[in-house]
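Letters are used for the chains, namely A, B, C and D, taken in the order the chains are written, and counting of residues starts over at 1 for each.
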Amino acid sequence: QDKSIIYVTPNPIGNNPFLVLGQEGAEAAGEARGAEVITYESDAPQAMLENLYAAASVGADIVVAMSFSAVDGVMEVAPTAPDTQFLLVDACTDQERPDNVHCAVFREHESSFLMGAIAAMTTETGTVGVIGPIDIPFMHRFTDGFAAGVAHVDPEVTVETRWVGGQNPFSDPVRAKEQALALDAAGADVIYAAAAGGSFGVYEAAAESGFVTMGVDTNLCGVAPGTMYDVALKRVDQAVLQSIEAIEAGEAATFASYGLAEGGMSAMAVEGGDALAESGCLIADDAEVAAEIRSLAEQIVAGEVVVDDPMMAN
Amino acid sequence: MNASLRVLLVPLALVAAGLLALLAFDATRAAVAAFLDGAFGGRNNFNLYSTLGRFSILLGLAMSVLVSFRAGLLNIGAEGQLVLGGLTAALVGVYLPAPPLVVALAALLAAMAVGAGWAVLAGLIERGANVPLLIGSLLLNYPASYIASYAVSHPFRDVNSGATQSFRIMGEASLPRFTGTILDYGILLIGGTALLVILLERTSVFGYRVRMQGYSYPFARASGYPTHKLYYRTLMISGAIAGMTGFVAVFGMNQRYIDGMLTAPLYAWTGIAAVLMAAIIPWATPLTAFFFAALATGAIGMERSVGIPREVGQIIQAVIVLYLSGVAGKMLSNLGGKGR
Amino acid sequence: MFFDAALIESIPRLFTPVLLAAIGSALCDRANVFNIALEGMMLIGAFAAVVGTFYTGNALAGLGLAIVSGALSGLVFAYFGVTRGGDHIIVSIGFNVLAIGLTAFLLGRIFGVSGQFDDPAIVQLPRIHLGPVADIPLIGPFVSGQSILVWLAIFLVVAVTWLLKNHKYGLRLRAAGQNAAAMRTVGVSPERVKTAAVIACGVLCAMGGAQLSISNVTLFTEGMSAGRGWIALVIMMMCSARLPWILPTAILFGLVDAFGFRMQGLGLPQQLTESMPYVLAIVVLMLVFRKRTARYAR
Amino acid sequence: MTVPDTETSPPAVCRLNGVSKAFGPTKALQDVSIEVREGEFLALIGENGAGKSTAMSILFGLLEPDEGGVEIMGRPRKMRSARDAIAAGLGMVHQHFMLYPDLTVLENIIVGQEDTGRSGRIALGEHRAAAQRILQEFDFSIDLDRKVADLPVDARQQVEIVKLLYRGASVVILDEPTAVLTPQESIALYKMLARLQAQGTSIVLITHKLDEVMDNADRILVLRRGRLVAERDAQATDKTELAELMVGSNIEIIAKRDATRPDVALSIRDLTVRRRQGKAALAEVSFDVRKGEIFGIAGVSGNGQKELVNALVGLEDAEGAVQLAGRDVLGLDVAARRALGLGYMAEDRMAMGLAQPATIAENLISGREGTTDFSSRGFLDKRRIRDFSRDLIARFDIRTPSERHRAAKLSGGNQQKVVVARELSARPAVLVIENPCWGVDVGAITFIHKQILELAEMGCAIVLVSSDLEELFALSDRVGVLCDGELTAIFERGELDAIAVGAAMSGQRKDTAA
C-alpha cells in the first residue's frame, strides 16, 4: 500500500462516539481507495502538535485531525508539508487557509434544537436539563441549541444547564453522574447528555433514578435501554468520508458544513423507517412526537425555522 | 522479614518483567528502533527537536525543584507555579499593547513574578501556620490550575475557537525558532538559567549557605545565616524558574495558553523525578531531565510506529524512581526532607 | 430546593472513598510510614475492581480483586519503602506515576481501549436498603440505599479504633511508629509491623477505589481517583491520625463536594466550586496547625 | 589469656565464643570471648568504639556475628532475634532509651510480651497486676498509666529496668546506665542491682565511670579496638591501671591553671525564657564571666541548660540582659552576636554543630563564609578556603584524607575536632560550649580539654555546659547549678565535690546539702 491516511485524535478514543465515528469514517475512506489507515492518539496539546508533525514526517497523504484542539497544529504543520492534505473535522480556522487544509464542521445546534423540542413535548415536571463537559463556547451549540428547541415548543419549560468540569471534563462519567443526579433532584425529568466521554454516567443515573435521557453522536439507545428517548446524530463518519472524496477529487481548501440539510446531523426520529423501529429508542413508540420532530426538521432545512449558531452569537 | 518479602517479590518482578518482555518479544528490535527513532529521528530530525523541546520544559521544572530541594525545602508546587506563570505570560502576550520586545520581556518578568509569588505563598503558609511545605505547595497546585482553567474558559477565552484557550499572543513577540526546526530559543533561556544555577550553587556565598541550610537547618541557624531570608529567597527563585518555564511553553511552542497544556503531560512530577534520579546533584540534573524527555518522546514514537503503548515510558520512569528511592532518599533525608 | 434527598444521598458515596483511604493513611502514620501514594493505590483498586467485576459478573468478586490488588500495592510500597529502606516520599512519587502508567497500560492490554472502559457486565456493589427508614426525611436518604462499602467504612472506623487501643497488633503498630529500634530489642520486627500497616493501607485505599468504580459508577476512567488520595491524606493530617475525628472530617469534605455540584446551579463558575475542597483543606490545615509545633515540618 | 579456670570459678550462664564482627571496614570485634558467670557482677570497660555495645548486641541477638557464636548454659544457641535472648533469660538496658514516648508505662513494659484473649484483646488487668508486683518489690514509684514522655530521666531508667525484670531475666546487661543519672540516682541504681545480684542474677555493666566499676564489680574485662585485652579482679587493680589498659598508654594529666582576669567579658542579668504555657524554662538567671574564666554549668539535663545556651547564642527569644563587649546583645541575631566575638560549640554534632553531608572545608568556614577572609563580592574564594582548611586540619590533628572529605565520614572524635577547630580559629571573646566530649574517646577528650584551657589562658571567657561532672570539675573555675530553670548554687573551684553538686542538681539548697 502506498497511500496512507493518518487519523489524529486529541484524546484517547475510548468509547467517545465522536472519535469512534471519525475513525470509522477514516477507515471507510481507506478501504474505498486501498489506503492504509493509522491512528495517532494524543493526550495533551503538545502531543497533538507532535503527532501532526510526525504524521507529516512519515509522508501521510491525508491527515484527519479531529476537533478544535487540532486547529493551531494543523495551521502550523500544513505549510511545511505541501504534499499532505489535512482535514480538520469539527472545527476550522478563521485565518486564510493554505490549499492543503480542509474543514468539515457540523451544525450541532440544529439537532440539539430537535432534542430540546422533544424534551419540551415530553416533560411532565416542566423542568428539563442538559449536561455538557465544560463551559466553553463550542459546547453551547449543544446546550443553547437544546434550550432554543425547548423554548420554541414551550417557553414555560425551565432548562437547567450543568457542566461536568473536574480534572478531565471530556471523560469523567463520575462527575457527570453526580450532575445528572443533582438535576434529577432539581426536578428535571428529561436530561440531554452532551457530556462526551462522561455521558455514560448520565445514562447510569437515568437507569437508577428513572428520568429520560437523550444522547449525541451515534445511536446509543442500545447502551441505555429503556431510558433514552432519542439521539442527536452526528454523522462524523459520513462527513469524513465525503470530505476525503472531495479532497481526492483535487479540490483545494474545501470547507463543508454539515447540518440537517446535508444529512450530517440528524435524529433517530428524523431517520424514521426501519432504523427508527429497530433503534431501541423510546421515541420509536411515540409516533406523534416523532412526526412533529420530522416536520420541525423539515422546517429547519427549508429555512422556515432558524436555529442560531450560539458560537457565532458569542 | 527482608528475606520473606524478597521471596514474594522476586517472582512478582519476574512475572512483570516477563510480561513486558513478551509483549515486546516479537518486535523487540523494531521496538528499540522505533524508540530511538521516536526520540531522536524523524524527517529532518523532527523527533530530536521535539525531544529537545520537551527537555527545555522539563529542565526548567527540574531546576526549579532542584533549587528548593537543595535548600531542604520540599516544594512540590512547581506545577501550580508553572501554570500560573504560563497563564500570566499568555495574558501579557495577548493584552499588552507595546512593541514586541517589550511584550516578551514584560511577559517573562510577569510570569516569573507570579511563579515566585505562588511559591512564597506556600512558604507563608508553612511559616505562618505550620502547614508543612510539602502539603501546602501540593494543595496550591489545584486552585492554580482551576484559576487558569477559569481564566481561559471565561474572561480571557479565545471566543473564535471552540477550545478552552486564550487568544494567540502577539506573533512577533513569540520566541523565535531555530531555522528549519520547531525548536524555539526558549531552550537557550532555560539552558542559561540552568547553567547559572549550577555555577552559583558552587561558587557563591548564597549558594553555599543555601546548600548548608539544606543539609541541616539547625546548623544554618547556629552558624548565623539569615535563615529567614534564605528560606523565602530560595522559594522565590524556585517559583520564578517555574514561572519562566511557563513563559517559554507559552511563547515558544503553543503561542497561547491552552487549558491543560502544562498539567496533562505530568511535567512537574517528571521534573521531580529527574531531580531525584540525579540524587539532587545540580550538574547531573540536566542529564536526567534529558533522559526523561527522550523516554517520553521515544515512548510516543514507539506507540505510533509499533503500537507499544506509550505508558511503558511512564512505567519505566516509575520503576527507576522506585529503585532509586534508597539512594536519592539518603540525599533527601540528609536534606532533612523526611516529611517530618 | 438545596438540601434535597439527592444531595443527602450523595454525601455518603462522596465521602466513603476518602474515608477509607484516610483510615489507611492513619494506620501508616501510626506506624511512622509517610505514605503519600494513596492516590495511586486508589487508582489501582478502582481498576482491579472493574476487571474483577467484568470477568465474573459479580461485584463482590470485583471488590475481592481490588482488595488483592491493594495488598499487592502495599507490598510493593513496603518492599521499596520498608525492606529496602527507600525514602517514603520518593517511593510514593514513583508509585503514583507507576499507578497512572500501569492502569492506562493494562486498560489497553486487557480491554483494548484507552481512556475509559464501561460495559453492561460491570455491575454495582450491593446496596443496603433499610425499608421504611428510607422515608424518614433527611436521615432516610443518608442511611438507606448506600453501598455496603459505606457501612464497612463506618464500621472500620470503630473497629480500627478499638484495634489500635486494645489489640496486640494495634499496640505493636503504635510502638513501631514511635521507636522501631526499641521493638527490635524486645524481639519484634518493626519492619514486619510497618509492612502490615502499608498493606492494610493499600487494601483500604483499593476499597475506596472500588467504591468509585463499581459503586458510584460502573466503569473505569484513567485518573479516576482525581486527587481524592491527597484529600484523604490532608484529612488524616488535620486529625493527627485520630480516627474518631477522621469520620466527621471526611463527612465534611463529602458535604463540600456535594455542595460544589449544587453551587453550579446557582451560577457560580464550575472552576470555583471545584477548587473549594482544596481551598478548604488549606484553610482548615492552617487553622488546625497554627497553634501546633510543626510536627510535620521536620 | 581469658580462658576461664573452670575448676575454681562458678559456671558460665552465657558466653560469647570467639566472636568477630565488622561494619564495612571497621572491625568492631575480633575473636572476642566473654563469659558471664552465675551471680557475678561483671564490668566491661573500654574507650569509645572499643566494641562494648557491639559485643552485648550480639549476645542479645540484635546483631549477627561474622564469626563465632553464643552459648547458653554451655550449649551453642543461634540467636535470631532478641526474642531468643529473652527466652534464654537475658535482659538488657540499652545505651539509649528503648522506650515509646507516647505510650503509657504499662504499654511500654508489655510490647512484645502481650498476653491476649482469643479476640486478640490484651489482658491489661493481668499485666497491670504483674507489673505492680515488681514495682512494689523494688520500691519503684512509677504511675503505670502515665505517658513515658512525661517522666523524668531516672523514672525512664526505672521503666527500662522493670521492662527487663518483667521478662524474668537471670542475666541483666546494662549499657552505660548512669550516663544520664545524678550521683544520688546512680547510688540508688547500684543498690537495686546489688539486691538483684543477691537473688542470684548475674549483672553485666558497661560504663566509662571507673569509680563505679571499682565500687561495684567483681570482675572487669577491658576491650580495646575490638579485642579483649585484659581481665582483672576488682580487688587486684586500681583506676590508673584500668585507664591505662583502656587507652593502651599513659594518659596525660592536664593541669588546670587559673587564668581569670579582672574584667568581665560576659554579664548576664535576670535572663528568662518563657514557654508557651506554664512556667519559665529559665528563670531570672544572673552571673558574670570574666576574661580567662571558665564558668561551668551543671544540672540534670532538661533543667534549663538548653534554654540558657540558646538565649546566649541567639537561637531563642529571652528577657533580661546579656552584655557582651559592653553591648546588650539580646535583640541581636546569631550573626550579629558572632560578629561581636561570640562563639558556640553545639553539643548536637549530628545536626547543629556540623552539616554532615558537607565537606570538612565547608564546615570549617561556616559562620565566617561572608567575611572577606573567605569571599569577595559574594563569591567564595576557593583557594583561601582550601589553605585555611588544610592548616586547621594539621593544627587540630583531624584525621582525614583531605579537606574535601564529607564530615559524615569522620569518626565522632574527629568530627568534634572539626567543630572545635572552627570555633577556636574564630578567636572568640566569649565561647559557649555544650558537652564538648559527648561520645568522644579518651584521646580526643584530652586534646579537646587542652584546647579549651589554652583558649581560656589567652583570655577567652568560657561558659561550659556539661553533664559530665568530672569534666566540669577538671576545667571550671566556678560551677553554677541549674535546677528547674533557676541558678540555685554557684560553687568555687575549691568547693567542688560530686556529692554536694549532685545534691544541688537534685533540688537541695547548697547550704543544707553541703
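Heads up, the rule we're going with is that a contact is a pair of C-beta atoms (placed from the backbone, for glycine too) under 8 Å apart; a residue touches a chain by one contact, two chains touch by 3 or more.
Remember, it's a predicted structure, so these values are computed and weren't measured experimentally.
The minimum number of touch steps linking subunit A to subunit D comes to 2.
On a Cα centroid basis, the chain most remote from subunit C in this structure is D. Counted by C-beta pairs in contact, the busier of B-C and A-C is B-C. Centroids of subunit B and subunit C (each the mean of its C-alpha atoms) stand 28 Å apart.
In whole angstrom, the spacing between the mean C-alpha positions of subunit A and subunit C is 36. Distance between subunit B and subunit D, defined via averaged C-alpha coordinates, is recorded as 46 Å. Once the centre of each chain is set as its mean CA position, subunit C and subunit D turn out to be 45 Å apart. Counting partners per residue, subunit B has 153-154 as the residues that reach two or more other chains. Among the residues of subunit C, those touching two or more other chains are numbered 189, 227, 269, 271, 274.
Chain contacts: subunit A has residues 134-135 touching two or more partner chains.
Shown are all chain pairs that touch, namely A-B, A-C, B-C, B-D, C-D. Interface residues of subunit B facing subunit D in the complex, by the touch rule stated above, are 203-206, 208-209, 211-212, 215-216, 218-226, 331, 334. The residues of subunit C lying in touch with subunit A in their complex are 1, 4-7, 9-10, 14, 113-118, 212, 216-219, 221-224, 226-227, 258, 261-262, 264-265, 269-271, 273-274. Against subunit B, in their complex, subunit D makes its touches with residues 313-315, 333-338, 344, 346, 348, 351-358, 362, 366-367, 369-370, 375, 378-380, 382. Subunit C makes touch with subunit B in their complex at residues 34, 36, 72, 75-76, 78-81, 83-91, 93-98, 100-102, 104-105, 108-109, 189, 191-192, 195, 227, 230, 233-234, 237, 269, 271-272, 274-275, 278-279, 281-282, 285-287, 289-290, 292-298. Residue ranges of subunit B in contact with subunit C, taken from their complex: 1-2, 5-6, 8-9, 12, 23, 74, 125-126, 128-136, 138-140, 142-143, 146-147, 149-150, 153-154, 217, 266, 269, 272-273, 276, 309, 311-315, 317-326, 328-330, 332-333, 336-340.
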